[in-house]
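Shared between the two complexes below is subunit A, which has subunit B as its partner in the first and subunit C in the second.
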Partner chain A sequence: MLANHIGHYSLVIGLLTSILIFLLSLKSYKSQIIDKRIFSISFLQLFFVLISFLSLVICFVISDFSNETVFNNSHTNKPIFYKISGTWGNHEGSLLLWLLVLTLFLFLFLINSKNELKRYRILTVVFQQVIIIGFFLFVLITSNPFNYLFPIPMEGLGLNPILQDPALAIHPPILYVGYVGSSLIFSATLAAVIENYISKNWAKNIKIWILISWIFLTIGIMVGSIWAYYELGWGGFWFWDPVENVSLMPWICLTALLHCILVLEKRELLKSWTIILSIATFTLSMCGTFLVRSGILNSVHTFANDPSRGIFILCFLFFLIIIALIIFFIFNKDKQKDYKKIYFFSKEVSILVNNWFLMYFLSVVLIGTLYPIFLEVLIDHKISVGPPFYNKLIVPFLIFFLIFMSLGPNLKWIKETNIKNKFQLFIFFFISLIISFIIYKKIGKTNLINTVLIAASFYLFIVTIKDFFSKELYNISKKLSHFGFSMLILSILLNGILSTEAIINLKVGEKFTFKNEQIFFKSLENNQKENYQSVVGYFKVEDDKKNISLFKPELRIYDQPVVITSEADIKTTFFRDRFLVMNTIKGNEYFNVRYQVKPFMIWIWISTLLLAIGGFLSLYNRLYEK
Partner chain B sequence: MVKKVKLRIVFLLALVLSIVLSVLLILKSLEKDVVFFLSPTDIKNLEEIETKKIRVGGMVKKKSISINSDKINFIVTDFKNEINVSYSGSVPNLFSENKGVVAEGFLQDRNYLKAVKILAKHDENYMPPEVKEALGDK
Partner chain C sequence: MKLSKIFFLLFIILNFFSICHAEKNDQLTIKISKNLRCLTCQGQSIYDSQSDFAVSMKILINKKIEQGLSEKEIYELLKDKYGEWIVYDTNFNRNTFILWGLPVLLFFLGGAIILRKLVFRKV
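Then we have the complex of A and B:
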C-alpha cells in the first residue's frame, strides 16, 4: 500500500520535473548557455520515474491487491518471475515502462552529446520533454497504474496465461527500447532542422541512436515471433497479422533511415529525405501504439478496450506530426549551393534504390494493415487481408531487391569506374541459378517465381560470403548484417517450400501414418502444477528406418483465469524442426493433433541474430571511434 | 545548371510514376485478396453465393459438434439463422460449444461452409467484435 502511494507521487513529481526542464531549456535556448540545472533535474526525473516503476514492481511482487492494476493482472499463486514480468504485461504498467525508457534515453543523450551544438542539444531536450509530458499526462489521466481499490480484494484476477512465458516477459522491454529510440531520433531531427545542423557531423552522431533502436527493434520482433511459433501452436512464425505488421513498419522505415544516413554522412546528400524518414519512423511507432492499445486491432496486446485512450494517443500523435511538418516546411531550406554530380553507378544511387524498395514494401504493409480499418469505419464492411495479398505483392519485388542488394554494396562512393572488372558477379549469378534449378529438380515442384527467388537469394548469399574474403576488413558489420539477411530470406523460403504437416483428430491408443513416419498416441498423464493443471500426451514417432522419438506436447489448464493453452513439443536440429502440438475439443475424447516437419527453422532465428549482431558491431565501432 | 534541373525532373517523374504504379498494384490485389466477414443471417440474405473466401462469425450451437478422425462438423448460429460448417485442420483450444467462433472458408451453398481455418482467440472472456455485433444484444 505504501509502495502504491510512493509510486503515484513519484509519477506526479516526475511530471513537474518535466515541466521544469521544459521551461529551463526554453530559457537556456534564448541565453545560449546550457543551464547546469537541466542535467541534475533530468537525473531527478529519471530517478523518480524509476522509483515509480519499481514501486509498481513491488506492488506486483507482494500482490498488493489494493492496487487496481495488480488486482486485474496478478494472482498470489503465480510464480515470482511472472509476477515481475506481469508489471509490463498490462496496459498501465507497459506505459510506465515506456515512460521510463523515454526518460532514460533523454538522460543518455544529454550526457553523450557534449561535443555538439549547444542550441541543438537544448532543442532536442525541449522536443523530447514535450513527448515525455504527453506520456506523463497519458499515464496519469487515462491509465494510472496506481489506482486505489477499496475494499481490498482478497485475490487478483490473474495474468492471461498465454503471456506467462519467458520470451514474452522480455519481448515488451526490448521492443520498447526500439520504439522509444525512434522518439529521440525524431526530437533530434527536428532540433537539427531548426538549427540547420543536418550535416555530416550530425549524421555521425544520430547514427548511434538509429543503430540502438534498430538493434532492439530487430531483436524485439524476433522474440515475439519465436513466442508465436512455439506458444500459439499454429506452427508458423509470421502471420501478417496487423499487430505484427505495426512492429514491422517502423523496422522497415528505420532500416531505410539506417542506409540513408550513410549517404548523408559520406556525401551530404538526401537531407530532406533523412528528415522525412526520421519523422515517419516515429509516426509509425506511435501509430503502432495507437492501433494496438486502442482496441481497434484485437490481439493479445489489447489489454482493455477503452476508447478514450485511443483518442488521447491519436490527438497527441496528430499534434506531434503537425508540429513536425510545420518545422519541416518553415526551417528546412536546402541551402545546397554547390551542385553535386551524381553518377548512376555509385553507392549513393544504389542506396536510393534500396530506399525505394523499402518504401514500396512499407506501403504494401501499411495499406494492407490500414485498409480494413478504414473500410470498417467508412462503409461498415468487415474484411481482413491475409498472407496471399502480401506474398503476391512483396515476392516479385523481393527478387529485384535481393539482386540490387548483391550488387549495390560493391559499388564505390561517387562513381564506380571499374564496372568491367565485376565480371565475377555474373559468374556467381549463374552459379546461383544452377543451384536453385537443382533444388527444384529435387523437390519436383516447378514454380517459376519461386525458382527465381531462390536463385536471387542464393546470389546474395554467395556474394556476401565472397565479401568476407575480400581484403578490406573494416566494414565487417555491414557484411555480417547483409549475410544475415540473405540467410534469413533463404531459410524462410526453404522453410516455406519444404515444410510439411498433418492435422488429425486422435483418441488415446490410435495411430496414423504421415509420409514415412508413424505417429502413435500412447497415453495421457495428468499433473497438478503450481498454478495450472498439466495434461501431457505421449506420442511415439517412428520413421521407416526405425528411429524412434518421443514427443510430449502439453495442455495447461490454468486456474486463474481459466484458460487452456497448448505447449508444443519441438525437436530442433540444424536441419529441421519437428513440431507436435495437441489441442482439446471440450467434452470430447478426441484430441486435435498437429504434426509438422519444418526444415531450417532454427536458421531463421540464427540469421536474425546475425543481422542484429552486425548492427551491434557497427554501434561498437561508432562508440570507440570517438 | 540546366543539367541539374533536367536530372531533377527525370527523378521526380520516375518517383511519381513509381508511386502511381505501386499504389495501383496494391489496390488491384486488395480487390482480389480481401476476405469479407459475414454473419449467418448475411449469408441467408446473399443474392448470389459468394465464391471467394469468406469469414463467418457467430456462436457454436449447443450439441452441434461432431468429430471423427479427420473432420469436425458444427453449426454456427447468430440466434436468427444458422449455417453448417465442416472443417479439417487444427482447432484452437478455446473452441467449444456456446462460445464465439470465426470460421474462414468457402461457401458451398447457403447452408454449408467448408472451413479452411478456425481463428484462435486468446482469452476466455474475449469475443470477436464481429461476433458481438452479429449476435446483437444477446
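Then we have the complex of A and C:
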C-alpha cells in the first residue's frame, strides 16, 4: 500500500526533475556555463527513479495485490527469487527498469565527461532528457506499474512458469543495459554533430559507451539463448524468431559501429557513416521495444503486449528519428575537403568491407522480420519467414565474410600492405579445406556450400589462433574477440551438422536403442514442490562400453496459472551435450521422449563469453588509459 | 502414371521392413516438421511443439511419407490446406520477390558505393 504510493509519486517527481533538467540545460547551453544544479538534480532524478523501482520490488516481495501489476504477475506461493525477478518479467516493470538504466547512464555520463566540450555535454543531457521524458510519459500514461486495485484481491494471477527461471531472471536487465546504452550513444552523437565535435577525441570517448552496450547486449543475447536451449525443451538455441532477431539487429549494428569508430579514431574518416550507424542502432533498439510490446509479432517470447502502447512508442520513435534526420542534414559538415589517400589493401578498407557485410546481414534480418508484417497489412497474405530463409541468404555471404575476417586484421593502417607469408595463408586454407572435406566424408553427406563454409570457418579459426600467439601483444582484446567469434561460428556449424536425435514414445519399463546407446525408462516419481507438482522420470542410458548415466527429466505442473512445462535433463561434457526431455501424451500412459546428442554445445557459450571478455578487456584498457 | 505409382508403392512396401528405411523416414519427418509452423501455438515449429495440433500433424506427415509423397508434395498439400503461413521456407514468387531480392540488391548497392568512393578518391 504505502510502497505503492511512494513508487507512484516518486515517478511523478522524477518526471518533474526531468523537465527541470531539460530547461536548466537549455539555459546553460545559451550561457555556456554548466549550471551546477544540473548535477544535483540529475542525481535526484536517479534517486527518485530508483526509489520508484525499489518500491515496485517491495510490492512484489510482500505480494501487495492492491497493485495491479503485482496482481497480474505474482502469487503468494512463488519463491522469493521469482517474486523479485517478476518485477521486470512484465511490461510495466520492465519499462521502469528501462527508465532506471536511462537515468543511471545519463548520470554516469555527466560525472565521467569532465574533460570534454561543455556545450557538447549539455546538449547530450538535453537529448537524453528528451528520451527520458518520453519514457516517463510512456510509463505514466500507458503502462503505469502502480495502478491501484479496489477491492484488494486475495490472490494474484501468478507469473508465467516459463519465466520462472534463473537465466530469464537476469536476461532482461542485461539486455536492457545494452539497449539503453545505445540511447546515450544516440544523444551524444546528435550533440556532437551540432557542435561539430565528431573527431578523434570524441571517438575515443564514445567508444567506451559503445563497448559497454556491446558487452551487455552480447551477454544478454547469450543468456537468452541458453534459456531457450534448456527451457523451451527442443534443444535448439536460436530459431530466427522475430523477438530473437530484434535483439540481434542492434547487436549487428553496434558491432559495425564498434569497428567503424576505429577508423574515425585513427584517421578521422567515415564521419557521416558513424553518425548514421549510431542513429540506426538506437532506432533498432527502440523498434525492438515497439515490435515486442505492441503485439504485432507472433512469437514464443511475446508474454505481455497491448496495441495502444505500440502506437505511443511508434509515434515517439518517429519523433526521435525525424529530429535525428533534421540534425543530421542541417548540421553535418562532413564535406571532407582535406584529401586523404586510401589504399585498397589497408585496414580502413578492410573495416569498410566488414561494415558492408554486417549491413547486409542486418538487412537480411531486418527485411526477414518486417516483410511478413507489411505483407499482411498491405495485401492480407500471411507468410512465414523462418530459418531456411536466413540460412539461404546468409550462408553464401558468410563464407566471404569469414575469409575477409581472417585477412583484414593483419593489414596496416594507412599504408598499402603487402600480405606477408602468402604461402602460409594459402597452406592454411588448403588445410582447412581438407579438414572440412574429411568431416563431411565421415558423416557421409556431401554439400558443396557447407563444405566450403566449414572450410572458411576453420580457416578463420586457424588464422586467429596463429595471430593469437604471434608477436605483438598489444591488441589482445581484439584477438580474443575475433578468436571467440571464429570459435562461435565453428561450433555452431559443427553442432548443426553433427547433432543426432531420436524421438520415441515410451512407457515405464520399456527401452529402446539409439545408435550405440540403450535408453531404459526406469521409473516415475511424483513430488509436490512449493508452487508446482513435479513428475520426474528416471532414464538409464548405457553405451557399448557399459558407461551408465542417469537422466532425470522433469515435468512441472504449475498451480498458478496452471501450465505444464518440461525441464530437460542435460549432461554436459567437454565435447558434447546429451539432452533428454519427456512430454506427456494425452490420455495415454506413454511419454514422448526426445533424446539428442549435440556435440560442441558448450563451446557455443564459451566462445560467446570469449567474445564478450574481449570487449571487456578493451573497455578496461580504455578506462585505464584515461 | 498409375503403374508407376503402384511400382513406387511396391518399392516402399518392400523397403518397409528394413530398419534403415524406417530411420530415414523418421529423419525426413523431423526435417519436415521443423519446417512447419504449429498453427495453434505462438511461434513454434511443429517439431518443437507438443500441442494436439502438432502431434496430429506429425502423424499425418509420417503417413504421407509412408504413402510415398515427397517432401515437396507434402509441403504443397499442407499449403493448399492451411495456407502459405504454415511453411517456414517461403518460395520465391510474386509476393516474396522483394523479400528475397532486396537484401541482395542492397548488398550490391553497398558494394557499388564503397567502390565508387575508393576509386573516386584514387583519381
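Going forward, the second predicted complex is superposed on the first by the 613 of 626 C-alpha atoms of A that agree within 3 Å, B and C clash if a C-alpha of one lies under 4 Å from a C-alpha of the other, contacts with A are read in each partner's own complex, and residues count from 1 in each chain.
Here is the rule we use: a contact is a pair of C-beta atoms (placed from the backbone, for glycine too) under 8 Å apart; a residue touches a chain by one contact, two chains touch by 3 or more.
Since we're looking at a predicted model, the values are computed, not measured.
A.B. asks: Label the relationship between subunit B and subunit C on subunit A in the superposed model as either fit or clash.
C.D. replies: Superposition check on subunit A flags a clash between subunit B and subunit C.
A.B. asks: In the superposed arrangement, which partner chain does A:379 touch: subunit B (first), subunit C (second), both, or neither?
C.D. replies: second
A.B. asks: Going by the contact rule set out at the top, does A:242 touch subunit B (first), subunit C (second), both, or neither?
C.D. replies: second
A.B. asks: Is A:344 in contact with subunit B, with subunit C, with both, or with neither (first, second, both, neither)?
C.D. replies: It touches subunit C, and subunit B stays clear.
A.B. asks: Between subunit B (first) and subunit C (second), which does A:364 come into contact with in this model arrangement: first, second, both, or neither?
C.D. replies: After superposition on chain A, A:364 lies in contact with both partners, subunit B and subunit C.
A.B. asks: Under the stated touch criterion, which partner chain does A:565 make contact with: subunit B (first), subunit C (second), both, or neither?
C.D. replies: First partner only.
A.B. asks: Is A:555 contacted by the first partner subunit B, the second partner subunit C, both or neither?
C.D. replies: first
A.B. asks: Should A:496 be classified as contacting the first partner (subunit B), the second (subunit C), both, or neither?
C.D. replies: Neither: A:496 stays clear of subunit B and subunit C.
A.B. asks: Considering only the contact definition stated at the top, list the common interface residues of subunit A for subunit B and subunit C.
C.D. replies: On subunit A, the overlap between the subunit B and subunit C contacts is residues 232-234, 298-300, 339, 342, 356, 360, 363-364, 367-368, 371, 381-386, 388-389, 393, 503, 566, 583-586, 592.
A.B. asks: Mind pulling up the subunit C residues that touch subunit A in the complex?
C.D. replies: My answer: residues 26, 30, 34-35, 37, 41-45, 47-48, 50, 52, 55, 83-90, 95-96, 98-100, 102-104, 106-107, 110-111, 114, 118, 121-122.
A.B. asks: Touching residues of subunit B toward subunit A in the complex: what are they?
C.D. replies: Its residues touching subunit A are 1, 4, 7, 18, 22-23, 25-27, 29-30, 33-37, 55, 65, 67-72, 88-97, 120, 122-126, 128-130.
A.B. asks: What residues on subunit A touch subunit B, complex-wise?
C.D. replies: 160, 162, 232-234, 298-300, 339, 342, 356, 360, 363-364, 367-368, 371-372, 381-386, 388-389, 392-393, 503-506, 510, 512, 555, 561-566, 581, 583-588, 590, 592, 594
A.B. asks: Enumerate the contact residues on subunit A facing subunit C in the complex.
C.D. replies: Counting only subunit A, the residues touching subunit C are 232-234, 236, 239, 241-243, 297-302, 339-342, 344, 349, 352-353, 356, 359-360, 363-364, 367-368, 371, 375, 379, 381-389, 393, 397, 501-503, 566, 583-586, 592.
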